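Once you scroll down, you'll see the structures, which are given as structure tokens.
Heads up, the next two complexes both have chain A, just with different partners, chain B and then chain C.
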Partner chain A sequence: MFELIAPFFHDLYDKTGLNFNIFYDRYEYDRFLSGAVISLKLMFGAILLSLVIGILGAWAQGVGSRVLRGAINAYIQAFRNTPPMIQLLFFYFGLGAFTPQVDMGGYTEPLVSAFAWAMIALGIFGGAYNVEIFRSGLEAVPRPTLEASESLCLSKWQTYRHVTLPLAFRICLPSLTSNLISLAKTTSLAYVISVPEMTYVLNQVWSDTINVPEMMLILFVFYVAVVALLGAGLHFLERKLALPGFGR
Partner chain B sequence: MLSLISTMEGNVPRSWTPGMPIVSLRDVRKFYGSLEVLKGISLDVRKGEVICIIGPSGSGKSTLIRCINGLNGIQHGSIRVEGLEVNDPKLDVLALRRKVGIVFQQYNLFPHKTALENVMLAPLLVLKEPRRQVEERARELISKVKLQGKENSYPGELSGGQQQRVAIARSLAMCPDVMLFDEVTAALDPETVKEVLVTIKQLASEGMTCILVTHEMGFAREVADHVYFTDGGVIVEHGPPSELFNDAKDPRTRRFLSQVL
Partner chain C sequence: MTQVRTETGNARPAQYALSGVSWYHGAILLLGFVIVFAAVHLNSREADATNLSALDTLSLWLPFILKGFGLNLLMSFLAMAIATVLGVALGIAQVSQLGVVRVASKFVTHLFRNAPWLVILFTVMYLLPVEATLWGGEKVIIPDWIKATFAFSLPVMGNISEIVRGAINSIPTGQWESAEGLAFTRRQTMVHIILPQCIKRSIPPWMNWYALLTLATPMASILGVHEAVGNAQAAMEAGGGRPEFLLPFYLFLLCLFFAYIYPIALWTRKLEQKYAVSH
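Up next is the complex of A and B:
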């Protein structure tokens, strides 16, 4: 790949002065690739964690004790009403100060890396919205449909698994899509705790080579492409699960 | 009768024999908070009998139906279905619901399942019968309610009358001994009412025990063995349809009938 595009971008730089060095300089190219991979991993990890939190939280809000429900509500309020950047700083510098260091043979590393903190913080941030999204989905399943299921002798769990969840998921999928897309974009904030993801890496590149406009363009294109892909995937799921005469 | 109930232990239907009423209500009282909705209902339904419950809206007909399969609890009295006491904290509610099928006014089909899947779901999950056998019976039931060709349609693609017939087939798939119908034609267009009534009539003629809440007086007169008129949570009057419709004793019954007939 690199060998294929490098001559073109080198040529472009020579002729026009447009410096896309990440596409012809091997060192910068590797930096760029690792930034892309870390960004994608971070998005994937944060989304996955936020989904797990959302499902567990919504479920606990339905069946849990008053104390548990109160705690979940406090969590939702806290994380929806503070800026995600502050949350990242809080986790990394606030909690990070208390996590032990591990001896790596000669040097020490924090037990929880900046990347892991970013994933945790963003997962928890996105999860706060997902709890509400899943809960509203669960609540929107018509009570009479569940009574029909009960009347057919399905157990509580069978009703949950075969009736409640499939319907709730369809109901909340549009709001879920927009939250996950927003979460994917928010991963760029991880650069404030020095996670070498795309924003951080390109920032380094343009500081080194003073090619800010070119790298800005790349940054834009990267997020547009990733978010478009994620959105397309989720919208495909929406269409696939759409039911004639049900919902919008 | 009352002493039998109070000495009954758990769910053991030992006091019931096929000669006795299949459904038996004694002095059933039901409260929503402080509002008394059923004020001492007693009635018996024998095997193969079709009874209709008529009465003004708000008189507690739906509540009564829902109490019979345990969707609503009662505060006083006794409801027994083949000897299973519904008003028993130790009741095996699944065992009760295996005996009782219910069809609702709003169909309440599973919108994410096709007609065939709607009919198959409970037998697969609850009766745990082999898939082939379940599917075979489901297809038979679908054609019994005259919906051949609609097996793979989703509820949203069916008319109200068709959905209601799927709901009937779905209930029948569990092989209930008693069917409850709560105003199952009330939400339908006039032209589709008939197709649902025909289905129920066929069921009744095959010997299914049916308890029907209905506003279709002509239908009640035709299929019912016994008609109950309820008002304000009590049974005001009951009797064979010929008597109740032609020769009602109570002025409330007469007033209601004059409004709906």
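Up next is the complex of A and C:
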């Protein structure tokens, strides 16, 4: 791949002065690739964690005690109404100071790396929105449908498993899509705790070679492409799962 | 460039009303914050007697941090004003009858909706000129915070554009038809019939985007704007940069933003329920 595109971009630089050095300089190319991989990993991890939190939270809100419900509401409000950037700083610097250090033979490394803190903080941040989304989906399942399943002698668990969950998931999929997309975009904030993801890496590249406009273009293209792919994937799922006659 | 969600409903993430939220939730949260602070305070008093404790440092620098927070608020007001003006124009352009205008405004809207805030912030900070030439020919340096304000207004502009477009589309076709029957021009219909009806249903998502905008303003500190987070970090440095400062300082910043945003969120929710459009 690199050999294929390198001559073209080198030529482009010689002729027009557009310096896309991440595509013809081996070192920068590797940096770029590792940044892209870390960005995608971070998005994947944060989205997965936020989904798990969302599902558990919505379930606990449905069956839990008053105290548990109150605690989850407090969690949702605390994380939705504070800046995600300060949340990241708080987790990494504030709580990171208390995590044990691991001896790596001569030097120590924190048990939880910056990448892991970013994943945890963003997952918790996105989870606060997901709990709401899943809960509203569960609540939007029509009562008569549940009564119908009761009259068919389905047990409570069977109703939950075969009627409530599949319908609720379909109901909340559109808003879930927009939340996951915004979470994927928020991963660029991991820059503030110096996780070497896309924004951070390209920032280093343009600091080294002073080719800000070109790298900025790459950054835009990267995020717009990732967001479009994620959106298209979830939209495909939505269409795939659509039940004829249900919903819109 | 295929942003998939286009209805108004999805232009605002916080559309799901929380059942039974009331002021006392906020009170409980603040109480929790206070307890953590007290714990930190006791802890640090044990730790050393020679240096200022973390909380004493915090109270010493409190005016400085609050001054920074004032800049956060100023940036959020200005950015929201810019975003509203540009966003409404862009939203109306999205339902224009001219194909070119429609496509171009859709492109701009989706570009700014899909790019992360931080990327837009970097773009504006690095690519906008450092100084501007006035009409008289004299040059002035544009302060960083003004550039940051402009940068923050761009993503909100894209989202407001979607809100406006969704609101216009949600007005029943009968309104257009009856206006046509009364011999209104398209422009008159827009100004006197359609847009006034859009205002009410756009207010809750608009306020929601104001909250999100305010929550994004700390990013300006990355590029050296002296707002709350930047000032807090400077205060920590000035106090000796000890690691035990980090937890109380960042916790204080979280509280500060929470105390400002939470009432707005509650108010938004109230308006949302009040203005709920039943179809």
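Please note the rule applied: the second predicted complex is superposed on the first by the 248 of 248 C-alpha atoms of A that agree within 3 Å, B and C clash if a C-alpha of one lies under 4 Å from a C-alpha of the other, contacts with A are read in each partner's own complex, and residues count from 1 in each chain.
Going forward, contacts are C-beta pairs under 8 Å (C-beta built on N, C-alpha and C of every residue); 3 or more make two chains touch, one makes a residue touch a chain.
This one's a predicted model, so the numbers in the text were calculated from it and none came from an experiment.
Colleague: Assess the superposed three-chain arrangement around chain A: do chain B and chain C clash, or do they fit?
Modeller: fit
Colleague: So, does A:V212 touch the first partner chain B, the second partner chain C, both, or neither?
Modeller: Second partner only, chain C.
Colleague: Does chain C touch more residues of chain A than chain B does, or is it the other way round?
Modeller: Here the partner covering more residues of chain A is C.
Colleague: Quick one: is A:K185 in contact with chain B, with chain C, with both, or with neither? Answer first, second, both or neither.
Modeller: Once the two structures are laid over each other on A, A:K185 reaches chain C alone.
Colleague: Between the centres of chain B and chain C, viewed from chain A's Cα centre, what angle do you get? Round it to the nearest 10 degrees, please.
Modeller: Given the fit on chain A C-alpha atoms, the answer is 100 degrees.
Colleague: One more residue to check, A:S113. First (chain B), second (chain C), both or neither?
Modeller: A:S113: touches no partner chain.
Colleague: Would you sort A:Q204 into first (chain B), second (chain C), both or neither based on which partner it touches?
Modeller: Neither: A:Q204 stays clear of chain B and chain C.
Colleague: Chain B to chain C: minimum CA distance in the overlay, Å?
Modeller: 20
Colleague: So chain A touches chain B in one structure and chain C in the other; where do those two contact lists coincide?
Modeller: Residues common to the chain A contacts of chain C and of chain B do not exist here, since the sets are disjoint.
Colleague: Could you list, by residue number, the parts of chain A that touch chain B in their complex?
Modeller: 142, 144-145, 147-155, 158, 162-163, 166-167, 170, 243-246
Colleague: Could you list, by residue number, the parts of chain C that touch chain A in their complex?
Modeller: Going through chain C, the ones touching chain A are 1-5, 9-10, 13-16, 18, 21, 25-26, 28-29, 32, 111, 114-119, 122-123, 126-127, 211, 215-219, 222, 229, 243-244, 246-247, 250-251, 253-254, 257-258, 261-262, 265.
Colleague: How about chain A: which of its residues touch chain C in the complex?
Modeller: Touching chain C from chain A are residues 70, 73-74, 76-78, 80-87, 89-90, 93-95, 97, 129, 132-133, 135-136, 174-175, 177-179, 181-182, 185-189, 191-192, 199, 203, 206, 212-213, 216, 219-220, 223-224, 227-228, 231-232, 234-235.
Colleague: Give every residue of chain B touching chain A within the complex, in rising order.
Modeller: Interface residues on the chain B side: 69, 71, 94, 97-98, 100-102, 104, 106, 108-112, 121-122, 125-126, 154-157, 167, 170-171, 174.
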